[in-house]
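Same chain, two partners: chain A is paired with chain B first, then with chain C.
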Partner chain A sequence: MFPNSGASAPTMRVTSQSVVPRDITDEFTEAASKLSTGQLVKDEYFTLFEAVGALEIMDSKMDSGFLGPNENHAQALEDDYDITRELAPEEVVGIMDGLLCHEMAWHMGHPLSQTLFTSLYLDRLLWPVPNTLDEARFTRGSADGRNEEPALVNLVLRAYCMALVKCCDYVHARVAAEYYYEEEDFVTQLYNRNLLSPFDLDPFLDLLDRAAAWIEEQQDGINEEVRAAIKLRIEFRRDLLLGLYQDIDVIQNRSSDNFRACLSRLSDLAQSASIGKPVPESFSWKVQRRLASTVPPRPMVNISQDDALAHLKRLCQDGIDLQEILDYRGPHNFKVAVWTMLSRKPQPSVYIRSLLQTLIVNNALVLGVVPVRDFLYDELAELVLPTSILLQANTDQTEMPSNPRFQIAQHMDGFVKRFSQPFVDTFRSACLNRCRIRRTVCHTLVDWDNLQMEAEDLDEQLRTLSDEPPLILSNGDSTYSYPFSSWAYHQKLNQFRLILQLGFELSIYSPEELPGMYWYLSHICSTHLGHLDRIRTFTVATAKRNLTALAGKKRDAVERHAVLQKSLRLLERLSTQVVAVDAFAISLHALYVLLDRHHILPTASSPQAYSSERLRYELRMKPFLPITLPELVPYDDYRREALLEGDSDGAVLERATKAITEARKAWETTLANGAFSPDQPTPTTPAIEEDWKKDVKDTMRACIGTSLAIESLKKGLAMRNTSKGSSPDGPSVDLRVDIPEVGSKARFHDWWAVPQISHNTLRSKT
Partner chain B sequence: MSQTQPPPLRYIRYEPSREDEYVAAMRQLISKDLSEPYSIYVYRYFLYQWGDLCFMTVDDSRPEDPIVGVVVSKLEPHRGGPMRGYIAMLAVREEYRGRGIATKLVRMAIDAMIARDADEIALETEITNTAAMKLYERLGFLRSKRLHRYYLNGNSAYRLVLYLKEGVGSMRTSFDPYAAPADARLEMSGAAGVPAAPAPPPLLQGNGR
Partner chain C sequence: MDANQAVQFLESLIGQTIRVHATDTRIFVGTFKCTDAARNIILGNTFEYRPPTPSAVRDAAASADTETSAEQASPNIKVNMTSRFIGLVVVPGRHITQIELEETPQQNRVRDALRKTKGFV
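And then the complex of A and B:
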């Protein structure tokens, strides 16, 4: 089914003074009479999108002005609820909690119209749009507009509502300033209202303080327990408001106090919820009819208090843990921190993801302090150009145009302009929702393919200017390092791997594709390993040349030596991780080949399917078709490799067993190496390291699961060999294969679809 | 002939001359599974242009309400490139499910598209709708991407795609395949959200000039 959401897109109305209205009723009727029913009159711009966006007048589900048979205009628009009425203190708690649920539903991606804006209290405060804070009162429009009685409503509940709206204002501003997907991640639509955005923080704090002080004084009037519950909610709101107000200032303040305070109040908030008495009549879906919107009224979104508090808890915890990415410690470690934090399950909320995007880069500064150029240079120095003159040349210092250093600097300026944004985006893309990450990386892959070619041109020009000595190969040929294109290729191979792994995470692949996809993953890994080796070879050669200088105990030679060794250690670290992925992929590939060969691998497609395996391969390779390097594997080669044609069962089993042993070792080494390269100053990052370790440990559990599956298969195959009369086509092996779904307990890791193999005792003998 | 044997179901192609009768039944059948109905314009958009790709299942034993299954599709060049078929709606009356009616309807639609030289067929299905996914995957569709919170109810979808010819994946589209709004590419250098839905057509913006 295609989505029925076109109606929600805002339509643009352009009116001009010069348009003179003319009655065309007669002409229209005349023209329409020549059409038959159902005939469509449309221009080429009328697409499915417009068709979906069209509303049908007099259909109650689409026409927001439609009145039912016994409904009059007033009933349709107005609610009987009197918002100036007195409320029992328990009702105030109930309303506050109801509002919090709606607030979190909005954070989760539902529109304001179906959540917070259904509150009649908020409606009165926000419409008509108040010019001053003082105007935003429940009593506005009434004769005694200044009346503060009952204070529980006009002081306490109002303060809470005002502060809540201001909280939403900060969230709205942050998300809207960053990259997000409207309706997928968040709905920014305000329906011509505003969230008290013109007003500063202080008056909101004053309101809350006055409310808290008043509640404090009501020892006689309000039961102790209820009083505590109201006070708790006001204090919580104050903390949340301050936490959201801090926003990107967290870079300077380095404070997580407000989110910590919020978090500490959540269990009390949950426990005292039962004190509250809900006031459902203070929320009405009819408010939607008065909002500036082309969307027909939709049902109110009601999420449970538990869900709301769980969302809030994660928001606060993520807000606290975000501190751990703020200290810059080089691009490699930064990337690990960012991707680890954003790969949390469930994924951090859109507010946190937007905040992180801003922290990653804002005004051409990474983490508020590192210029994007330095960030890019740090990355190149870490990986491909340790100690290189290319990163030291600077046009400010060398002004003679004939000087090669000047020319190098000019080339480098162009490089920075072209590459810094795509590079920074490899970090920012982590902030998208998981589906969008994969789709985005499929697109950026093409960009990086082009960038690699551009970088190659640059490499050739700079090689002459920097007088790079060639590396002589054993066959006598000479070759050069091509640092920039090497680096671009490394980025691209990372993206290849990510696309494949996210494919597993998002359950994109059908079971019969698993042998091929794990083969492809290992193919990309081994290509990547070869490439890392190439980079290493040149760094080793540079280090060798430096040895001579080092023997002379030159000071800069000693420094260079340290930098080169650091780079080699990072290359080693990266290789270890790729080896770990590679080995695991090889093992799963071999295992799935056997399951397929013996017809015990579940399949999604039937023999009567319209598509062939060749067509399915082409479709699966779609993101990679336009890529020049690594070259696409032709289908016939792919098939041969992916099916391990010609290898006996024994040989394939052996391959699976050896590879999983190697994988387990490599993942152990990875775990021991830790999340971050120790060569960079390391701040303490307990939460992120915990997440990272959990991820590696889950992968190791998946390895163990694979070992078990291999053993079960081995036994099953051995038993088959001893029994006789197995048919060549049907399942000849008495085993049952289950592939646990992502998110289920038996799926140890999203990226590793490890089959569960059990003896098929239910199968009857014929 | 046994009296308990129900008459066989008939499969028919949509007939524009019987729009009043068919569209009403179709809408009723499809709206049943939707929280919010499609407007009449959506039906007309498909039926007026691609009525020959719409098929229905008829049970003559219930003459008052005979239509028990329907598939609605379209077929047009995708961004100026491959001929892409699109299965927009598929519905079978609840008590008739599990009898292969949906599969038969989809096969009829696909066969009609193949006859009209389709290169590929695409559709979306809610990730919770395992029956639909199984149906399409049995026919050879693959999940090409997952679409986050695609539907109004907040549920995500899979895009399912079937290639019918070799070389479809490399077919050139007339404009940048990644720049089109329906599949909005992320230009991360700009700091604004890209709407998930296509932008209004240029015509609207030129109004009043």
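And then the complex of A and C:
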């Protein structure tokens, strides 16, 4: 992952003064006529593929500048709307609310050309690009350019519009600086206009203050209710502007006051919306004919006031809750906080996600204070290298090249250079949209596979330098801890699990694949558990060695003991979570195997479809094909394991029941353990903890749903066995299976597709 | 001009900045990329130029009047064409009214010299 480079269109054509145009129409026409049909004369680097992307001039669907045959030249380009006309106060409210809707539509990912830039008021302010703030007026170009009458338009509405544009400027700057997907998350295109970016904040606040003061004075002229509505909008805009201006300064000043103020005004904003009188004539898609745009003309986007306010509300709420991740509490807790925050439904808007990306890492500092190197060391110390000398060596302290500490430090420098970016990216990738997270992780998985191999080399070199004592296994073999490659493998297994679980969330798998995918999830989990055990073994061994020193009551031994215990507790915490996922996956796997076995599992592909189980398996394993460890499960093994061949229905049911009981217990433990490891100083994070608890509770509801489904299936199978004359091949079990879709109420958790099983006969009777 | 010379002439224009006038009075200025027998022209990095609207002319005339009212009103006013960047475009041959080549006087002289010696362009 790298930040997007701001590719911008040329803004002005540069010509030298001495250019003389020469008419070549006749020569050109004659020459072209000599070409044979299909013959092209072209730039050798210009491909036909590019040519397909060219806009066809004079084609109404492609050419944004095309004027229809019945369109009068003047009307087509300019609207009859008079921007300097006087407005009723209700109309001002209507226009402000209309602008807010367009602003939110832009936040949601629609281009400016179809949203805010359709406003004729904004168009007048922003084009031609004003050199001073004073130039950005509705009355520009006319004789009385500086006139502020009528004040409702030229003072109040102008102040609102200017501040709105500045808000957009801050949002635009933040998003464009980070990794996002153009046209998927957001459109940064400005069509050669400028969002008043050269100007500082203060004049905008002055404008708003003057507008607020003026409206305050109009007790006689304007109806009280309308006056309050206008004032509210101006104050709201001021808060939002300040909130967006704060941006990453939130790390220093830790203030969420502005977003809180915005949030508190939203209900009044919604209530007073009915006062406003919309002025649809002041918005026109024809503005597109004058925008520098390389895309075909597109219609105006209109979203409802309710949708706009809902989006705004989430933006403010997320902006406030962002506070809770700002205190650094070690990589593990940080990851939980970031991931929980970004898994909110609906996902936080692209502005919040971009802001988070910057907060996660900016100028090689995590959360603005922790150097990336320390961040990586903290992670290693938490998991694989508690109290290790490897993390303490420093080239600044030891300068003798023959000293092992110096050599260790040199190796570690190389390690930090190589690993810090990929490691930080495992946090940053959570800020992408959900589909892109999965896609990105599929790619980074391969990188981590390589990193693991490099880490293994490093482990071997460092082992001799640090004089690591081998661990003697029960069979007499000796082994070493391989801390760095162990850690890389742990990261990779996390990513495996994430890819699978996001697969369920994004509804990638068809119903017939569910037995296999839940089997694979449990397979990855058990691999992971084994690996965590291995890491634990070495930490325990270190702790044992430390015990002798501890008996001597040495002070550093006591400290070491505390660190080792902390690390063991974290490993325990991680294991509990993986066990919980594992048990749940085993249960769902068994359940789906039975549904499949009795042909009551819905299928997405028709019997004539080209797809087959083998092909589907191949497709799903594609991200994992290049990975050396864990090894790919060959199809035949997979099939045997995933279908539980040879196990009777009873045995499979038993397996499902047992596993779900275990899963419920494990999830309860997870919930009791809490979101964050208490070994790090914990500031209060009520909102994120609430989200995290809700997530675990939803998972537990999914567990209960699974128990119910197992019971229904058990009954259904029992009934079939008692009833006589059931044909051996037809759909023998009289059950109906529904798999609730992601987002529906019956789908308790996105990551767990729990089937709903009901009785067909009972259903038809009612 | 035989077929060979035609191709040579057109190839000599590749990469040059040309101005294509369209039937609706717009002018497209960009880098010549490609053409075919139907005289369809592909331009890269194109800017669209449009004659000023009547209202813009009116405004300009009005402000010219106020500025020069003391002196004698000048009969001519100058209004810029509006332009915008539109990128890669194809102008269909049937909509083309005029094609111009932008060149410096230097290039012009070279081309004239070539025309005399080679008998084309």
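In this section, the second predicted complex is superposed on the first by the 706 of 766 C-alpha atoms of A that agree within 3 Å, B and C clash if a C-alpha of one lies under 4 Å from a C-alpha of the other, contacts with A are read in each partner's own complex, and residues count from 1 in each chain.
Basically, a contact is a pair of C-beta atoms (placed from the backbone, for glycine too) under 8 Å apart; a residue touches a chain by one contact, two chains touch by 3 or more.
Owing to the predicted nature of the structure, the values given are computational and were not obtained by experimental measurement.
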Once the structures are superposed on A, label A:478 by its partner contacts, choosing first (chain B), second (chain C), both or neither. neither
Figure out whether A:37 sits in contact with chain B (first) or chain C (second), or with both, or with neither. both
Have a look at where A:55 lands relative to chain B and chain C in the superposition and call it first, second, both or neither. both
Pick one for A:109: touches chain B only (first), chain C only (second), both, or neither. first
Quick check on the superposed pair: does A:619 touch chain B, chain C, both, or neither? Answer first, second, both or neither. first
Is A:25 touching the first partner chain B, the second partner chain C, both, or neither of them? second
Which partner does A:506 reach: the first (chain B), the second (chain C), both, or neither? first
Residues of chain A touched, compared between chain B and chain C (which is higher): B
Touch test for A:141: chain B only (first), chain C only (second), both, or neither? second
Mind sorting out which residues of chain A both chain B and chain C touch, each in its own complex? 9, 11, 15-16, 18-19, 37-40, 42-43, 46, 50-51, 54-56
Enumerate the contact residues on chain A facing chain B in the complex. 1-6, 8-9, 11-12, 14-16, 18-19, 37-40, 42-43, 45-52, 54-56, 59, 61-62, 108-110, 175-186, 188, 296, 298-299, 421, 425, 428-429, 432-436, 438-440, 443, 446, 506-510, 513, 604-606, 608-611, 614-616, 618-622, 625-626
Which residues of chain C touch chain A once you look at their complex with the stated criterion? 1-3, 5-7, 9-11, 13-15, 18-19, 22-24, 26, 28-29, 32-39, 42, 44-45, 47-48, 50, 53-55, 59, 62-63, 66, 82-93, 95, 97-105, 108, 121
Using the touch rule from the top, collect the residues of chain B that touch chain A in their complex. 16, 19-20, 23, 34-42, 44-45, 47-49, 74, 86, 88-90, 110, 114, 123-126, 134, 137-152, 154, 156-158, 161-170, 178, 182-183, 185-186, 188-189, 191-198, 200-205, 207-209
The answer for chain A against chain C in the complex is residues 9-11, 13, 15-16, 18-25, 27-43, 46, 50-51, 53-58, 63-67, 73-74, 77-78, 141-143, 191-192, 290-294
